[in-house]
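What follows is subunit A paired twice: with subunit B in the first complex and subunit C in the second.
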Partner chain A sequence: MNENNKYPKSSIFRPLRHIKYIFKKPVTHPLETIFTKKNADYLKGVKVMKSSKAKISNPRTAPDNLRGFHINDWEKCIGCGTCGEICPTAAITMVERHDLPKVAGKLQQRPVIDYGRCCFCGLCVDTCTTESLKMTKEYIYADSNPDSFQLMPTETWQDQEVEQAYVKNEDTDLLDLERVEMEHIEGSERINSYIEVVRGYSKEYARLEAARCVECGVCTASCPVQMHIPMYIKTIWEDDIEGGLRQIYETNPLPGVCGRVCTHNCETACAIAVRGEAIAIRWLKRYIIDSAPDDMYKKIFTEPVSEVIDAKVAIAGSGPSSLSAAYYLRGLGYKVDVFEEKSRAGGVASFGAPQYRIPDYAVEKDINFIKSIGVNIHTNTKIGSDITFEDLEKKYDAVFLGTGFFKGRVLNIPGADHPDIMGAMDFLPLTRDFARGTLKLEDMNVKPSVVVVGGGDVAFDVARNCIRIQLQKYGKANVLLTSLETLDILPGSDDEYIEGKEEGIKFRLGYGPQEVVVEDGKIKGLKVWKCTRVFDEEGRFNPSFDQSQEEIFEAEQVFFSVGQAPDYSYIPESLKDKVKIERGKIKADEAGKVEGLDWLYVGGDIFRGPDIITAVSDGHRAAVAIDDYLYNKAKKKEQSEYFKEVREAIRFNNPEPALKPKRKRTLI
Partner chain B sequence: MNSMNNIERVKEIVEKVAKVRKFEQIDKFQIAFEIEKNDVHQTLSALKLAGWKQLSYLSAIDWIETSKFELVYVLFNWDEALYIQIRAMIEREAAEMNSIISIFPGAKYYEREAHEFFGINFPGNPDYHKQLILENWDDIPPLRKDFDPSVYSDRKFPKREYSVDYSVKDPENKSFEKIKEREKRALSLRTGGQKK
Partner chain C sequence: MKEMKLFLGPQHPGMHGNASVHMFVDGDIIKRSYLLPGMLYRGFEKQMERKLWVNNIALIPRVCVPEPDINEMAFASGAEKLLKLEIPERAHWIRMIILEFARISAHLMAYGGLGGPTGNYTLMYHAHADRNNILDIFEKITGARVYHQYIVIGGVRQDLPKGIEKDMHTFLDSLESRLKEYRDLGIDNASIIKRIKDTIMLPAEVVWELGVTGIGMRSAVNKAYDIRKVAPYARYDQVEFEVPVSDYSDARSRLDIKIKEVQQSINIIRQCLEKMPEGPVRVKPARGQSMRWTVPKGHVYSMVESSRGEFGYYMVSNGGTHPYRVGVRGASYPQGLLGIEKYLPGTRIDDAALWVDTMGICSPEIDR
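And now, the complex of A and B:
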């Protein structure tokens, strides 16, 4: 409260203000104007009131902040149940309403209030996440049937529009709508190295942030693996890092990666985000992983994991979907071999996302635990040359493919075949090796002025990497990012845009590249036309351009970040007709089983896409499907009670398809 | 009217009779002293003599973690716009504070209230144990932090079974059952925290 407004200013004339009330008529209203018709009729019919002719038949209208009967705007209400949670008299219960649509950020339930218990304290209104629950000026309700005191608030009271009274305001709101600030390395400092941009929460800050969570769980359905989000946030508040770690590993074996680079749809769906800033779920997960010492990981499985099922699974690639499949298959009791063509495991986490977002040590922490439970990862082993696909088929009982989209794409425009032009996925793996020191600065082909084409997060990864390399190479940076999409529909995340801008990316959004201008074998620039629309009326990608607004963005090099492509050269001829590929992705059933091939499963970018956490969910589903396929056929050893439970949990936690929340735009 | 001098004067009065553990200026019209339990009576007497003739309120705070009750005496002066809070910590176990009715007779009711809501005894007040507001209370005093209102209300006012059902259920939709099962599993993985 403002110190100046806390006490009224004193003045000797102050009492005179009240003189006006001498001439005021007392306020009375007929019953009908105050109460709903039903209640007015009822009251008029009551004998006592009839006979007394008392003024009671003309009661005063209620004051503006009266805590009367509730109304609840169902359009706004998300069924979070926070009102029921806080109710000191346990008067509010949530009832299932399956007639409501199942959408991200909402639960199919609504509050019902027992007015035999309600004490009209208004805490439910103060804690309502959406401001949908309000109190009205209605304060009389009478009925001879006790059952009618259980009421479900809707937008109206007794089917009538009524006046609002007690509603939330800044002083009474019990929710903390502002996120505990996360420390970032300053833009001018971070561009000089590959130091991680986000510092991570301290214990104190993590607990403060965790305390903002209302534990409603509307977020979980938006998470592709349905992590136990409110539960692990609570462990932070209780300082139970071990419990949090175990809960996280139930549904996500790559929490260190996801705690940094997840697309965090959970935060978009967060109940607090309806009016304020979402709980920093991603960073809280990262806090648990960062604060869990290595020896605590031994407690995730309290008994050593071993092969109890005599069946082997081969996994091609070691990206998120592969590692997830490997982890769960291992937990289910299988022998698992992972084959990776590159020198390190991790796929996109080790070679795609930039080092300043996800440093190697974080990826390694996740992978080391997966290795420690007995998953064999064979790096530098390319399928097709070091080991043949037929070998996998022969030696293993099932094969999982998670080879990802690791080929860069370049737009098919004149000049795009110039050797200095690169696709994002050809460039980003090099930057990771450069950040690690395995590639030298002179190996990095980045020119002093660069145009990056694309508006997604990957385009930002390319641009921000270019800035870092240019600074080291030339002492100054010159990077222009251009995309078809203007800022209001830019597919990249807000964080990337803000941070990219801080780091010095220049933006020219809303242009379509037409030609790479090459003179004397050197790139001079990128010719663009103004993009007048990206999507057509039916919402399909169908850009159109205004040729009269032609420009040339001068640059010595162009990077394209216009999507990635798979490499299926390892799939042998014998299987080529059986594996159906549609728009670059392999056709398979919900769980990733390739049609017609019981032993072949797919996940990640080559199956569903588009992000790491969805790949993790693919791996989990495939592991369960492989278990379905192999378990009954294979010989089994005696299992301990503990591992029976683990198997059950892995199968039970098999993720469902996630609900996709609508992105909220905060930039313009 | 009110100035820093005024506050300095009060400080002097209090410091003369009590060991001040903490002084706090809440705002321009309110100040607070935290003193020892045994100094409370002398301090209140001294302040009464100095013009703070009215005891506006007496209440308590339950600091259950440190096992203390904090008593707060709020004094008011009709001539000077300055509220004074006198705060003192007492043990929570068998909580006891000598009555102040010899200084402020009106405290009689406040002490009864504090007894009823916190269970603090006030020897010297002949009526402190008498019922004041709560009728036939049969639980631990309700403003103690270890009092659980929902357990109490469930015990005293059993939930009524209503015949009205507002739910609309699709027998195929098991999402809430699944959520409950998942919660149960996740709860079993907790270790109870490192604090304890």
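And now, the complex of A and C:
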């Protein structure tokens, strides 16, 4: 035995010293101190408790950090279900609650926790997207009814206000709230050319960004075409580009365009955006398209289109709504002819949005695929002159109109008839041609100093185009952007404002133009009054001005970006009284069918507007409506099972009206 | 006389955990015996493969109930090795505090376990009362009393709450002053000393034969084989402590070492509280939300010193969100399963409970 094992002499008396503990307070927690009133009533009836003289009313207070029973703030909870996803014991199920309001960014469901399974690990709290789910200091619950252990946490526990305990903090948060940075071309570099501003994600970055998604799907309801966003983001994370492409094309045939210039309501609705930066859904979509090789496209959608239903559809215009309608109609088996007045298909994607946002090759990639499945696109064919509307009606079984708003509008103020004044939609197509090289610098009528009127994205497009042209023409740029709206209510996106500022746009926001000052046939400037309000109490557009604050913004040229107008000159006299036009838009039912004319459908700006993705949804819906109308009429032949599947998928994905999320400003 | 079969446990005051020792006795001498540890079997290792790296934290502590934190530590540090993840300095020190408190708590439970088979219940009550104080401290730090789920991949779940240091010091001082009382009640108590002295032996040959580690080994072979010393993890290389050893392993000697180790743990926690730097306590192992955290391909064996010996996790990752395979080296496997079968026979029935108690046996880690 070594010296470590030398024990003191043992004794039978020494243990008796412990008698002193009889007079000390117990350190443990006796039963009677831990039951709450409610549970005690139950337990008194239980055999084991009958004998004990439990004095019940003094529950021991748990520490501030206890992982006890849950509470859930329903105001904050968006029903994303992430708590249920992470739950290691599968104790949380999401239960539909149709009594909840149907709003963007929220799902009509709330978590129910089965306390027969819950292990109180608190991962649900750690991963909660909104911080609505918390744990309390309550830890005792007893009942004879096993069903009562399935509880839907609300703001209270057992109808009582309770103290919250374990809550999320920076360390315990299991979400990634920061967006993976997107590389942009520097402002000073990009203004010298039409190089695309956003570089796009590399594979590594795209996967990191995709890893932030919790797959809740609140985004989907806010997307006008209800894209399968969580699914295609997951494919990126799994590095399955083909799967992603397949997912995307089920609902959107213009992903290259939408991956660049979409208004991304999905990102506004994103669950991660409640507390952090939304997932870069738009850039991730673009990543799939940019990294999908051409031969991959062929695998997606070639077989079904070999089968044809004997019916023809004509489509006027080749913008997003028309291309979308064409794509799905072709997928449904129809022969489709698209007629485009301009030299290129694509509509607003080819002639509206600037090249630095959406380069031609991206538009072409989308259009080439649509062509490859058998859609005939006839460019340089104007309806009314090259082909008459009556011809369309006669030769085709159905007609879809997606001619868009392609006329610029100019404010009706003194001096606005000057030849140097242009509307945005008259100017932007020219800039696209200039960027392509089909128009020369001399042809571009841009003066050395310019005022742009308007606060939407299009106004920014005009201003940023002007900067590029001025720099090439004069070596320096001078562009001032003015709008009725101040920065807090500016309709343009935050990105545009930030990038525009980087590129050197000067801003004077909150002014209303009153007169274009013209001297000796030359524009001297724009007279403005301070705008005191844009919308009235009822939220209607009703601006008022303070005349005393009059200013003149000096400039040699003024561009107006105050909305666009349609051109309905191609609609023949015979139809004029049947096609009702309200505020520039054609009246039609939900699917775009013009009332009283079974064969005529509309979509895009002339029907619903206001953005590309809504136009794509119009096209999809109209395609399904046209199919409803023609399928029974057409001579059907035996169809393969695969074709039936594709047809069902197209009809199944028919989008519902989107929920519009409330926009969050990050600029101020 | 006819051989009779008797069961020790699972429902027995002298049994530890959800196991049962099946004994074939002749008179009061055990002739044959074996352990049936599967009372708690839920396929831990297989279940771990089906849980994410992040939410395995809810399952792994259950591999050893009295001392759950070693599981969290072995799992987390293994994954960190695969991830090549440097965790914040403060997290190392907090982990040590947690692990040492867990060790004290497990030792107290085992030492108090002497009370059941010897009829000395006061000892058990006192040990459990002190253990209860540790659970209170755990509850304040981690939010739970038993399954703390606190040591996670990347550090610890959150920082220590304010003022907890004072609670710890108060408890450590009180426990230190009472260690002598524990000796008086237990191993130096003349009324039970015959039950534990020179009996329930663990010879050095058996240690080498079975691969016993921990106190069992240290008490028999006079070697300070302690993972904290031979392959230090966390910051055990920066604290001073002794590893008590002996060359004569009877029940009393092993219990004596337990009490000495409690003193060493007290010293370690005090040093931790003194040396612990301020700073962050957790880094995220990867970008993205936790359900998409992946661990690079590879395999790793990570070990910690539990109250019962070397406790290790062998983990294989195929680069996914779930572990591909986890194998647990339960510290009590050699003496618990093999020892009971081979070396319990020959002892008396009343020694069986003390055998199980002093050898350090935790049934779920045998049958995981």
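Brief remarks on what is shown
Everything that follows uses one rule, which is that the second predicted complex is superposed on the first by the 606 of 668 C-alpha atoms of A that agree within 3 Å, B and C clash if a C-alpha of one lies under 4 Å from a C-alpha of the other, contacts with A are read in each partner's own complex, and residues count from 1 in each chain.
Throughout what follows, contacts are C-beta pairs under 8 Å (C-beta built on N, C-alpha and C of every residue); 3 or more make two chains touch, one makes a residue touch a chain.
On a predicted model such as this, the values are computed, not experimentally measured, just so you know.
In the superposition on chain A, A:S193 makes contact with neither subunit B nor subunit C. Contacts of A:Q109 after superposition: subunit B is touched, whereas subunit C is not reached. Looking at the shared chain after the overlay, A:P26 reaches subunit C, while subunit B stays out of its contact range.
In the superposition on chain A, contact of A:T89 is made with both subunit B and subunit C. With both structures placed on the common chain, the touch criterion links A:P63 to subunit C but leaves subunit B unconnected. In the superposition on chain A, A:Y7 makes contact with both subunit B and subunit C. In the superposition on chain A, A:H228 makes contact with subunit B only, while subunit C stays out of contact range. Look at A:D171: by the touch rule set out above, it reaches subunit C but stays clear of subunit B. Subunit A residues 7, 88-89 lie at the interface with subunit B in one structure and with subunit C in the other.
Subunit A makes touch with subunit C in their complex at residues 1-2, 4-5, 7-12, 14-15, 17-18, 21, 26-29, 62-67, 82, 85-89, 119-123, 126-127, 135, 165-166, 169, 171-172, 174-176, 180, 208, 210-214, 237. The residues of subunit B lying in touch with subunit A in their complex are 27-29, 149-150, 153-154, 157, 159-160, 162-170, 173, 175-176, 179, 181-183, 185-187, 189-195.
Those residues of subunit C lying in contact with subunit A across their complex are 51-52, 54-59, 120, 122, 126, 128-130, 132-133, 136, 139-144, 147, 149, 157-159, 161, 181, 183-185, 187-191, 193, 222, 244-248, 252-253, 256, 260, 280-282, 284, 286-293. Against subunit B, in their complex, subunit A makes its touches with residues 3, 6-7, 88-90, 95-99, 102, 108-110, 112, 114, 116-117, 146-150, 152, 217, 220-221, 226, 228, 231-232, 235, 238-243, 246-247, 250, 649, 652-653.
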